[in-house]
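Note that the chains take the letters A, B, C, D and E in the order they are written out, and that residue 1 is the start of every chain.
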Amino acid sequence: MNGFVQGDPMLCIGCRTCMIGCVVAHEGLRIFEIDPDGYDFHPRLKVVKTYNVSVPVQCKHCENPACMAVCKSGAISRIDGAVSIDRALCIGCKSCAEACPFGAVEMVTLGGVLNADGSPKATANKCDLCKDVPGGPTCLRVCPTAALRLVTQENMGETIRLKRLGALEAALSQES
Amino acid sequence: MPSEFGLFVSADPGKCSGCKACELACFQSHHVKRNKVGLTVGTVAVPVTPKLYVTVMETASMPIQCKHCENAPCKAVCKQFAISRADGVVIVDEKKCIGCKDCLMACPFGAVSLLPYFVDGRPVPQADSDEGKVAAAKCDLCFEDTAGPACVRACPNEALHLTDVDADRKRKNIAAAEALAVINAGVPERGLL
Amino acid sequence: MTIKQIQSTCAYCGAGCQIMFTVDIEKNKILEAVPARGRTNDGALCLKGHYGWDYLNDPQILTKRLVKPMIRKGGKGSPLEEVEWPEAIAHVAGRLSEIKAKYGPDAIMGTGSARGSGNEANYVMQKFIRSAVGTNNVDHCARI
Amino acid sequence: MTIIAIDQNLCTGCKECSKVCPTLAIEGYPHQPQTIAESRCVMCGQCVQKCKSYVSVAEHGAEAYERVRSERGLPESVKEPLFAAYNVCRLNEVKAALADPDKFTLVQCAPAVRMAIAEDFGYPLGTLAAGKLAAALRRIGFNKVYDANFGADVTIMEEGSELIDRVTNKGLLPMFTSCCPAWVRYVETKHPDLRNHLSSTKSPQQIEGALMKTYGAKITKTPAEKIYVVSVMPCTCKQFESSRPEMSDSGGRDVDVVMTTRELAWLIKDLGIDFAALPDEGFDKPLGDYSGAAGIFGVTGGVMEAALRTGYELLTGEAIPAVDIAAVRGTDGFRTAEVPVGQLKLKVGIVTGLKNVEPVMEELKAGRLNDYHFIEVMTCPEGCVTGGGQPKLLVDLDLPEAYRARAAATYSHDKELPVRKSHENPSVKKLYDDFLKKPLGKESHKLLHTTYAGDPKHH
Amino acid sequence: MGVHEIEDAALLFVFGYHGAESHPIVARRIVRAKQKGAKIICVDPRRIETARIADMHLQLKGGSNLLLVNALANVILEEGLCDYDFIEKHANGFDEFKEVIKKYTPESVTAQTRVEAADIRKAARMYALSGRSMILYGMGVCQFGQAVDVVKGLANLAIMTGNFGRPSVGIGPVRGQNNVQGACDMGALPNVYPGYQSVTVPEVRAKFEKAWGVKLSDQPGFTLTMVPHQVLHETDPKKQVHAYYIMGEDPAQSDPDLAEVREALEKCDFVVLQDIYMNKTGQYADVILPATGWCEHDAVYSCCDRGFQKARKLVEPSGDVKTDWEIISLVSTAMGYPMSYKNTVEIWNEVIELCPGFAGATDEKIEKNVCVQWPCRSKEDHDKGTSFLHKDGKFAHPDGRAKFFATDWRPPLELENELYPLTLSTVREVGHYSVRTMTGNCRTLRNLEDEPGWIQMNPADCEVLGLAEGELVKVLSKRGYCITRCLPTGRVAKGAVYMTYQWWIGACNELTIGNFDPISKTPEYKYCACKVEKIEDQAWAEKHVREEYELIRGRMGIDMKEGRAA
């Protein structure tokens, strides 16, 4: 099973530290040394605020990803359990963004990167579970309220096991 | 605020019946001036050359049309500069097209066809052929029509819509965020200290 | 090795979070800020704590870092001109003394700062206003 | 005889046609070619209007178009898109007759043709072109340019008299109109037990055909067997009607061949006639003389209104207070009205769109329509102006406007005609005076009335 | 009480305090309290983050604070939920208090607070009966023309229910800026010397006169917010302000009614700005003295719960800059009052010697324990400071007893009206600090939020004006206007709009009113009348905002070279 980061609206305070953390993790600390417009600020998760919830939304790393299924340019693949986008291959057709039911794929324009014809390069952008970042997903490390967690096969299995035990206990309590 | 990214018409194969009303509407709207096409079939004197292509499989159908890619491969490969992209719309200039077919090959969706090029009801002559010139044809989002894409309007099954992925994303984000309240409520050991 | 870990207190709100900075002493640059286990923050930081030190790099985004004393030599409305410290200090002291002499000490108002300056600077400021100027006209932006 | 067909090589199985078919006669799986169940098909041609699955250069190749065109016997001059659903074209028979020096060709046009034919020459939807139509038919080479509108006026005389007869002599009521061949076919196949509710009066086309070959032969001094009658109809089913065995009361076929409005446009183009340059001409008298009442046969409620204009005056002997009878106009699928005719309160109903007729039939069978006198039924959505043989729209979004504009043109044509009541048409009067003597008379019975399948007297 | 105590309260009563935006790390304690099973009552006109997770959200109408507080007290009294024992032992003035409160029945305040009487009752019961109720309040209480009364009203609730003097109870003002506590601690106030020692008490004054070797004034000074008035409108020549020495502040951005502030700065004879970055006030300063910033000098900060902590010098400042205390010392010396501190420790030692409450907070102790919460009176190791005040019900009044204080409600000064039908309240943007001289110059924080900011509006109000999210709008009050972006959100009530105050183009303080609490002199930032206008030509507006931003940045000394446009 692919792991994924999941936010909890009860714990999230909507501060968006995760969004900056995401950018810093992917752009690298070099951004603090270069021209302020010399890097891209494209967080791969978005804090959504509604009447009821504040919570970041990001890729669920689906087992059968809709984005990957519709990509005709071979830019989306699963690498070490992370559904990832190869920006070099992305033609900006937006199909993946349209396909994702969570809105977890965003189209972004890359500053300073041009297509062969001189037009600005755009790409689909999404969470890659910080697969190239030491220490794993940055968003959950920087979150001040521990509102994000990495759901893995192990802890999800444990969650389900607990639920089943709970259901069993409830049934037993009814019998007695 | 206008979308930063190109809009495109997307189809719902679950709703599409494969009737080709979209193709005819597309053709009609693009040939009123160029080939004096009126409102009835009888006014047509040129081959029907749409810019989207209804594709039918045993169990499903939908029109295939241009996604107006941000880094459009068709545009990238066109040596004649016959394909341009302005305001998010990728457009073919048939006058410049020499029929090299590179764009047809480059487009991963098959959204480009090579079709007869008629003007004023007559084929545009080609050097060595009586049949006239052919040119790349693909969706231009009816950019000249203030009412928007003709295909979207013509579809009897409302299978087509103009998609703004960024606006869609925000809508879907909200739904996903709301869902997380329910999802987390179902996690027994959730955040308890 | 010029990389050092130094714990400090965040200057961005009253929570008083403890931050562990990684500093390159030789390059005179902060490299990274991560949460330290302070009493109030207990190992967490918000976005300002994590990323709010970047202004020290003077990235020229919003406003120019002040690097030299400046005086409007031509009076109000004239351009600010860079001067050396002794001139600036003498000018300020001279003008304040003039105003004090002309209108009395209560015509002068000084502010402390609720921000980065720190307790010592506030102490010195209020002491200056009270002792050197001779008024209790000292306050700070507590109310905003 | 196949009238309506679906090309199995072209049909993509979208089933849009089946949505408009009033008798659910189109069968097939989605995304597979569809077939027509001839037993249920009433040949209304709405599927032909609907079909968008065209012969495509991109999909089928350039040669496919030529092949389909020739298979269907269309003139080589035809360049417009060809679709999977089509009606069988008999232009070749028309051309052959025109070319035959032994044939005296008479042509008649249905009321709705003149409201739409110009559309296929780029004119706005609903452009009235009666004058150009007559001129074009003359240029084509027909010996006489007559008009089914004359037949419509005679229809009113016969059908109106029939209604008065049924009302006064306690005949079977309500009486249904019988002008629409698809509707007649529907009654015969679906509700044979109700066939006696149909008026025995023939449709205007068949009345006009029968008269052309008898009265027409007389006045043109041409032997009936040399006369060849061509109809131009907005309707694909009219070919079926003219081919019915009983429609030969004149001796031979009352009508020899039918072409649709669209096919006439092809013929005009094929002969190189510049439609735009044609002058306005009139139809030939007397069998091309018509009143406004005949003109409105092409819209839903039109037959009813024409019948009321005449029926009122025949029954009361007084002039009808208002010639325009708004109560029967409209486009609702089933609408009713009560029209005072002297002492009598005539209860009438109008059905438009055959899919709307079935509930009415149920009501009739349940005995809840016994107090109705007269009901008009038209198969096509809003009457003959919306017929299956009319110019086909490229985009169905334009349909409502086409329907509206053609109906509007119809009513304004009625308004501008000097005579607006069938019984006041001088040529009709003369016909009765010189030939038929009186409505429902002996000659009328022989030529202008018919029987229906299942009837003992039926062929 | 200490920040760390928040999560152990049985009930958190959060009043006019949006921790998630002003102090995320305090908000974290609120979240943890929820996780630990605490009940939360949130009183706020907006559905703030705390409201989302609260057990009750009393969405009162702005400006009705005291009505609600008094009504809560009324319920506690009427239903006999008081801790009579605590009152008996530790408080005075209960009878007079009851007299004022008895008319504030929940029903009587429902219309003006827009909170149902039943909800007020329920909240009062929950607060009174939890056993360990803690009140947190913020600027939603303080930034009104009637603010101190509400603070006292909240204190009443704590006293009458005995929620004082134990861990995880009490009332906690959560102070906005990092060292607002420190500036107060150090006597940067017109009425007290360091350590909250009154300038009007002769013995105290004598102590400071002796320590500082100079005669001191016995008259309290002006508050900062009074400066425009003292410059522009004061008729008594002895009370006019002619010189204004500003350290690390930007009144031309942060103070209410900016048009008046600018006029005052222009008119004031001599304005000194001592700061780290050019700012709006700098446009009017006669002299600019460049100082070191956070991370460029050593300092002690006092966090919101009285904790002394050290901020370190991490990097050498570039440029010809000096620390604030060095600059002041030089000026002071030049004016004939020599100051010759060698370092901050020397200053700190002088501070704690003069302030009994800080006496034990030695430099070594702060170094060792990281944080020392005053009062810390003994230099001995065992005195590690004080986590919560009023231990065992001992209060700061001379008799050690708390005092009930009740008064009647006053409405805000400028109510919504036909011309200005909306109410404006200023709020915080979590990613920016204060006037953003620092955070605005941090790359990623700037990326997250930039000019011209947002106006939060109820979607129904947006619909009336035909406004969509992100559209630029003009916001006006009697005093001025600004341009900002529309943010439709159901989290704010109809008729109320909210803006943050750090933007130059979306400068909401152009609109705010110079009405002050009579005691604290805090401006009524949370209430004035305004209106929002749609801008038809959005392309023009976008261009205008872009150009205006570039213009101001240019004025602030930024080189607007190609590609640096915002």
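General observations
To be clear about the criterion, a contact is a pair of C-beta atoms (placed from the backbone, for glycine too) under 8 Å apart; a residue touches a chain by one contact, two chains touch by 3 or more.
Every value quoted in this text rests on a predicted model; they were computed, and no experiment measured them.
With steps allowed only between chains in touch, the distance from chain A over to chain D comes to 2. Judged by touch alone, the chains other than chain B, held in their current positions, sort into A, C, E | D.
Of all the chains, the one whose CA centre sits at the greatest distance from that of chain D is C.
Chain pair with the larger contact count among B-D and C-E is C-E, by C-beta pairs in contact. Chain D and chain E have Cα centroids separated by 86 Å. Centre-to-centre separation between chain B and chain C, using Cα means, comes to 59 Å. Distance from the chain B centre to the chain E centre is 56 Å, each centre being the mean of its Cα atoms.
Taking each chain's centre as the mean of its C-alpha atoms, chain A lies 36 Å from chain E. Contact with two or more other chains is made by residues 29, 44-47, 51, 54, 59-61 of chain C.
Residue positions of chain A with contacts to 2 or more other chains are 9-11, 15-17, 20, 24, 32, 36, 49-50, 52-54, 144-146. Among the residues of chain D, none is in touch with two or more other chains. Of all the residues in chain B, the ones that touch chain A in their complex are 4-6, 8, 10, 67-73, 75-76, 85, 108-109, 163, 165-166, 168-178, 180-181, 183-184, 186-191. Those residues of chain C that touch chain E in the shared complex are 6-18, 21, 23, 28-30, 38-42, 44-49, 51-56, 58-72, 75-76, 80, 85, 88-97, 99, 102-144.
Within the complex formed with chain E, the residues of chain A that make contact are 9-17, 19-20, 23-24, 31-32, 36-37, 39, 41, 49-54, 144-145, 147.
Within the complex formed with chain B, the residues of chain A that make contact are 6-11, 46, 48-50, 52-55, 57, 72-73, 90-95, 97-98, 100-107, 109, 115-117, 119, 121-123, 146, 158-159, 162-163, 166. Within the complex formed with chain D, the residues of chain B that make contact are 17-21, 23-25, 27-28, 36-50, 53-54, 56-61, 113, 115-116, 131, 150, 153-154, 156.
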